[in-house]
Amino acid sequence: MPGVTRLSVRNLRKSFGTHEVLKGISLDAQDGDVISLLGASGSGKSTFLRCINLLETPSDGEVWVDSEQIRMIHSKTGSKPASRRQVDHIRSELGMVFQGFNLWSHMTILQNVIEGPLHVLKRPKADCIADAEELLAKVGIADKRHAYPAHLSGGQQQRAAIARALAMKPKVMLFDEPTSALDPELVGEVLRVMRALAEEGMTMLVVTHEMSFARNVSNRVVFMREGVIDSSGSPDDMFGVGASPAFRQFIGHFGNQQ
Amino acid sequence: MALLELLGMGQKGWGAYLLLATVTTLAVTATALAIGAVLGTAIAAAKLSHSRSLRFVGHVYTTVFRGVPELLIIYLIYFGGSSGITAIGQWLGYDGFLGLPSFAAGALAVGIISGAYQAEVFRGAYHAIPRGEIEAALAIGMNRGLRFRRIIMPQVLRFAIPGLGNVWQLSLKDSALVSVTGLVELMRASQIASGSTRQYFLFYIVGGALYLVLTSLSDRVFNGAERRANRSMSGATIGRA
Amino acid sequence: MDFAFLSSTMVTLIKAVPTTLILFSLSILSGALLALVITAMRVSGNWFLTGFAKAYIFVFRGSPLLIQMFLVFYGLGQFGVIRYSFLWPFLREPMVCAVLSLALCTAGYSAEIFRGGIRAVSTKEIEAARSVGMSGFLLVRRIIAPIAFRHALPAYSTEIVLMMKSTALASLVTVWEVTGVAQRLISQTYRTMEVFLCAALIYLVLNFIILQAMSLLEYSLSRHRRPYAAPLRA
């Protein structure tokens, strides 16, 4: 359903102590949008992503997922969500892929993938397993379903983590530097899976350092600097002549590797 | 050999008596470990909680029961428990002295001590869970109960196995002190056998040897359990096609 | 709360503290010396000495201290050789038996801790010492022992606190230290809780002092791990 707003963030702020990391960020994602969040380390892009599913509690601002607002209580002593149950529900609608994969090490790959649908969404086990096997085949590790995470390469683990997030049938997928912890030769296999996902029309928000992905796969590039959005636009605009000086300097560091 | 006869299973022999006492030692220790597991879980939860007063209670518990001699704690439970029961008996109209059964008192005392050490083991095991795996559970929408049951508990148990093995060994040796309450476990049985035969050296050596058998056997059990639990962690290529 | 009873109990118990401290310090000192010998045997490379040390550690760590203590106290007197030897006047003393068995036991635990400290010395540091011509006792004294001791200190602190608690067992071979006196008070007065609280307080204070002393020692031996601070010029 193009045109439907899947995710909407209004004026999000986050402080750690007296240090303000996010200084009022607003962002909308329509159905099928693939948004790359770029920025130097410390620019707040990962914190922003983690605020959306409340792994970090925003100090101020609004988050809407599919036109449902996450209710927050703001007071002098700090902010907290009004309802834990609502937070759990919203989180189950947002798929998250971490830099460090974070697969549950005591479960096999298949168990990792069915865990959420089975216990959080309480779907029938046979359906969960059928879905999981399909997803594992899609990310190319069907043969590893009975292996434990420690037995897999980083690239395989990250693909399993993507399958785990997809098994929840999320409305939006959040990627927090999904390839940064990988050896260079393993980056490609994860990016291929993400690209296929984008082509299927999945709404994605991707914090990344992969310029090729930002340029060729995403339809919008957002550049963050010192807790604010410095500039944003289509990849053609951003990587073209209209780029802001700060963004031009930022991509300069990456050279002409593409 | 007269000495061998003393250790035999026959009428003059103390063999069966000592073996039965060994079983009692195992039963006291196992009961204590179970009591300690319940107390230890509660105390570990208190020490990990956000509430300052709960953390304080947990801290006091582990400091006191790891810092005070085991013997003193056994006296506290045995004599204190007996006075408590006697008081209840008087209230119900019974005038005599009522003793706390020595098995219950012993298991409870060793269990309370074991609980203090287990609390530290569980707390350490909780901290050994990679933060990211708990974040992944949050991110998928698991509520507190589900997180505890599906992600935290299984991993705490796995990381706690070596520590629990040490606590078991500790409790096994602490159980010897329960002999002061008159419970005929291995220590008390060695005392009785040596006292009535005047063969002190022989029976304390045999008693000690039986303890060594228990500690080395349980070492094996825990090592085996640790290996099993860590199957998913090793780099071994299990189930690789 | 009956403060008169509490304070008279406290006074009675404190009178027993010197006995506890004598038991503690004598057994820690002799236990540490014995542990050094056992550790040296354990790492000697000689199969017989290593085997002996392994067996020693296995026996004294694997069985309860109480049975070891009773073996020394009741068992040794059974033999004429010991009964009629010059040692008997000492071995007849409950205090000597208690210290002996405490020391034998802690030596087993401490030897394992010391060995752990030695294993933590990196081979690179030893190679560096050899490269400047150190070997044998000099190498042990100047390089291995100081590094190993620093590594072993935290675990050894724990062992020392455990030993403080273990001195309580001496009461069962009629040495009237704090726990023994507490037990006597309990069976005389039946006021278990009050007596327990007083005795527990004494042990907790003693442990606290020990741990403070050990962490002070640890601190003074860890200058190399603290951020560099330029020495003050006079």
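List of remarks:
Per-chain numbering from 1; labels A, B and C assigned in written order.
We adopt the following convention: a contact is a pair of C-beta atoms (placed from the backbone, for glycine too) under 8 Å apart; a residue touches a chain by one contact, two chains touch by 3 or more.
Note that the structure is a prediction, hence the values are computed from the model and not measured.
Here B is the chain whose Cα centre lies closest to the centre of all protein Cα atoms.
Of all chains, the one whose Cα centroid sits at the greatest distance from that of chain C is A.
Comparing chain pairs B-C and A-B, the larger number of C-beta contacts belongs to B-C. As a whole-number value, the distance joining the C-alpha centres of chain A and chain C reads 56 Å. Mean C-alpha positions place chain B and chain C at a centre distance of 23 Å. Chain A and chain B, compared by their mean Cα positions, are separated by 46 Å. Chain contact summary for the complex, chain A toward chain B: residues 53, 55, 84-85, 88-94, 96, 98, 100-108, 115-116, 119-120, 143-144, 146-151, 161, 164-165, 168. Across the complex, chain B is touched by residues 58-59, 62-68, 70-71, 74-79, 161, 165-169, 171-172, 179, 182-183, 186-187, 190, 192-193, 196, 199-200, 203-204, 207 of chain C. Within the complex, the chain B residues that touch chain C are 63-64, 67-72, 75-76, 79-80, 83, 172-177, 179-180, 187, 190-191, 194, 198-201, 204-205, 207-209, 211-212, 215-216. Of all residues in chain B, those touching chain A in their complex are 130, 132-133, 135-144, 146, 150-151, 154-155, 158, 231-241.
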